[in-house]
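Letters are used for the chains, namely A, B, C, D, E and F, taken in the order the chains are written, and counting of residues starts over at 1 for each.
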Amino acid sequence: MYAVEVRDHIMIAHSFPSPLFGPAQGMHGATFTVDAAFFTNDIDEHGLVVDIGLAIEILAEVLSPLRYKNLDEVPEFAGKFTTTEFLSGHIFKGMADRIRGGALKDGGRVKRLRITLHESHMARGWFEAEI
Amino acid sequence: MYAVEVRDHIMIAHSFPSPLFGPAQGMHGATFTVDAAFFTNDIDEHGLVVDIGLAIEILAEVLSPLRYKNLDEVPEFAGKFTTTEFLSGHIFKGMADRIRGGALKDGGRVKRLRITLHESHMARGWFEAEI
Amino acid sequence: MYAVEVRDHIMIAHSFPSPLFGPAQGMHGATFTVDAAFFTNDIDEHGLVVDIGLAIEILAEVLSPLRYKNLDEVPEFAGKFTTTEFLSGHIFKGMADRIRGGALKDGGRVKRLRITLHESHMARGWFEAEI
Amino acid sequence: MYAVEVRDHIMIAHSFPSPLFGPAQGMHGATFTVDAAFFTNDIDEHGLVVDIGLAIEILAEVLSPLRYKNLDEVPEFAGKFTTTEFLSGHIFKGMADRIRGGALKDGGRVKRLRITLHESHMARGWFEAEI
Amino acid sequence: MYAVEVRDHIMIAHSFPSPLFGPAQGMHGATFTVDAAFFTNDIDEHGLVVDIGLAIEILAEVLSPLRYKNLDEVPEFAGKFTTTEFLSGHIFKGMADRIRGGALKDGGRVKRLRITLHESHMARGWFEAEI
Amino acid sequence: MYAVEVRDHIMIAHSFPSPLFGPAQGMHGATFTVDAAFFTNDIDEHGLVVDIGLAIEILAEVLSPLRYKNLDEVPEFAGKFTTTEFLSGHIFKGMADRIRGGALKDGGRVKRLRITLHESHMARGWFEAEI
């Protein structure tokens, strides 16, 4: 299987209002380095998995509502804990919707997608699934 | 599939007493950067794959008998070549035993585990399997 | 000149209430990977620049009041913009005070200190000065 | 499953003569950091996935016709776009042929191979398949 | 001294027509990850070394004539070997000219500049000087 | 000032026989990623700080007696603690001797040298001085 992966990043604030999260219960934040990997069975006649320019664009689009935001104030996340893995899944959904909707030229060729969020030099989370 | 990966490291000495290993036959050593990746089908009600604090703790526990050790003197490794890939498998077993034994709250959700050891900026090994 | 550098990290929230900061005016956050480099003219009789265990400890101490915090609510930062470079200088001051106060055994040997904060894979800031 | 991964790099020139590639249509170039990952079901009696020395050697052999080359002048690539993903597949084929041909002692144990090319700190591509 | 460093990258082709360069004499290429570090004595009233947005912009401007280019065809480089260190110096000059010309608001505060080019995971070069 | 930096690595065993070193008193080991940075005032007529091929060669030569060794058995280190910073100084001396002895063509141009040893993803040491 072929794959191409591109990188962006976001800087957000959030809180985890449950004793489970110990010192991370209060308002704090994170830089998330975000990698999006696109998997296809083959490359096209231009030697491409996907148009990397478009791939970078739709990743930026999906990240745009999160960029420099306090996630506690994003209506869509009400009642949710915006953990690294939750956000990986959320960004996956946004990307998958766009791919299914045709945002990538010839995007039907994308069989699988993985979204990885690095939260520090010590820890990261990801979500990967078929499209 | 969701995943979370955490990092630790160990500094050990060992030898590889077989001509196959050329210059690495004698006593030498390595810093192994160790990544443990936990895979689950879904995140829990707190938005978590696993409790990352517990994950870091059990990784440290499993690494503890290896930390700053001469692996040639660890009874469990008698007659074994403690290569990067062997150690990946060994640490996997220690982690899998603990997860099956309930060391991770709600650890039955962990379906898959991958242990990666980086031995230099040029080479790394890993072991990955279902739990 | 000899040097030793150790690493830690913090995850904080803050805002930059000035139009100058564009999209970063609102509450957002960052993971800062923090490197502290200690410079001496020579190594001691144990072959050390500083006791690396103590170095890690005092770095953790200085970072402790910032860890998982909303920096807008830290009284000491009232009226300040807690930029990457500002925080580098702030952490430098905390480290330098401790070193001058004797927190590092034989710390008088430390001539210079550099504190680096990586805010993303794209940008970082630091403060370096004589002690 | 066990795996071992080794690293090399190449510096090449090429052009992408199609309007699709925008600013990359003309002659430009890239440093590709190349990772080759070998997967086996088990480790051998020396604790090895593969002989890492041989693995590094056959990777260097496969990269040798590309090293410091203008890929537009490599006859084998005539009429092809030598994208990151195309090259990942090309290097995979060279490696797989050698493995099947016995270049790795006991190489029949290798079940799977992944070739990753990092083209910048922002983007990478890979090809992974059974052998 | 305070500093802030930002990152960009370019992908270029070039040749080194002298036997001294051995296998690198012919047309080949490189991805250069480019870091620009700005040094000031103090931070301004907004807590800044420089406006990081402007810093990224002028770096992109200076890199623009090199992006996706065959450096052998850039008139300004006629008769020059466009090595990593040469390019570090060249980009330094372009940045320094812009800073002296006022491209950075309040840029007179910048006392020193360092331009680093990473050519592979194994090698890099830089040029650093007063402004 | 111009600089070029190249990378190699060694895997060694050693012990630190003093209570000061706590858990690191016994025989253990490390992978040291070694960076050697050469500083000159200007580049030569080929656009070079130093001949990078020669630079890599003399670094390999200086590292050769350490590669895959138990440093406790290296006569030259008797009575010494082979810490990261001590080894940085030791490798510096070997490199500086070779440079002064003419191992680098036109090596008189090298004004300054820095040897950095990364011992883990968390800690590193270096020695830097005029030549």
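As a working rule, a residue touches a chain if its C-beta (ideal position, glycine included) is under 8 Å from a C-beta of that chain, and two chains touch if they have at least 3 such contacts.
Given the structure is predicted, the values throughout are model-derived calculations rather than measurements.
Enquirer: Look at both sides of the subunit A and subunit B contact and report whether the same residue positions are involved, with over half shared, or different ones.
Expert: Mostly different residues form this interface, as fewer than half of the numbers used are common to both chains.
Enquirer: Which chain has its C-alpha centroid at the greatest distance from the C-alpha centroid of subunit E?
Expert: Computed centres place B farthest from subunit E.
Enquirer: Go ahead and note the Å separation of the Cα centroids belonging to subunit C and subunit D.
Expert: Averaging C-alpha atoms per chain gives centres 41 Å apart.
Enquirer: Approximately how many whole Å separate the CA-defined centres of subunit A and subunit E?
Expert: 31
Enquirer: Using mean C-alpha positions as chain centres, tell me how far subunit B is from subunit F in Å, no decimals.
Expert: So the centre of subunit B lies 30 Å away from the centre of subunit F.
Enquirer: Multi-chain contacts only, two chains or more: what residues does subunit F have there?
Expert: Within subunit F, residues 7, 121-122 contact more than one other chain.
Enquirer: By the touch definition up top, name every chain pair that qualifies.
Expert: So the chains that touch one another pair up as A-B, A-C, A-D, B-D, B-F, C-E, C-F, D-E, E-F.
Enquirer: Within their complex, state which residues of subunit C touch subunit A.
Expert: Touching subunit A from subunit C are residues 7, 9, 11-14, 23-24, 26-33, 67-70, 73, 119-122.
Enquirer: Mind listing the subunit D positions that touch subunit B in their complex?
Expert: Going by the criterion above, the answer is residues 1-7, 43, 46-49, 51-53.
Enquirer: In their shared complex, at which residues does subunit C touch subunit E?
Expert: Subunit C reaches subunit E through residues 16, 18, 20-22, 80-86, 88-89, 121-129.
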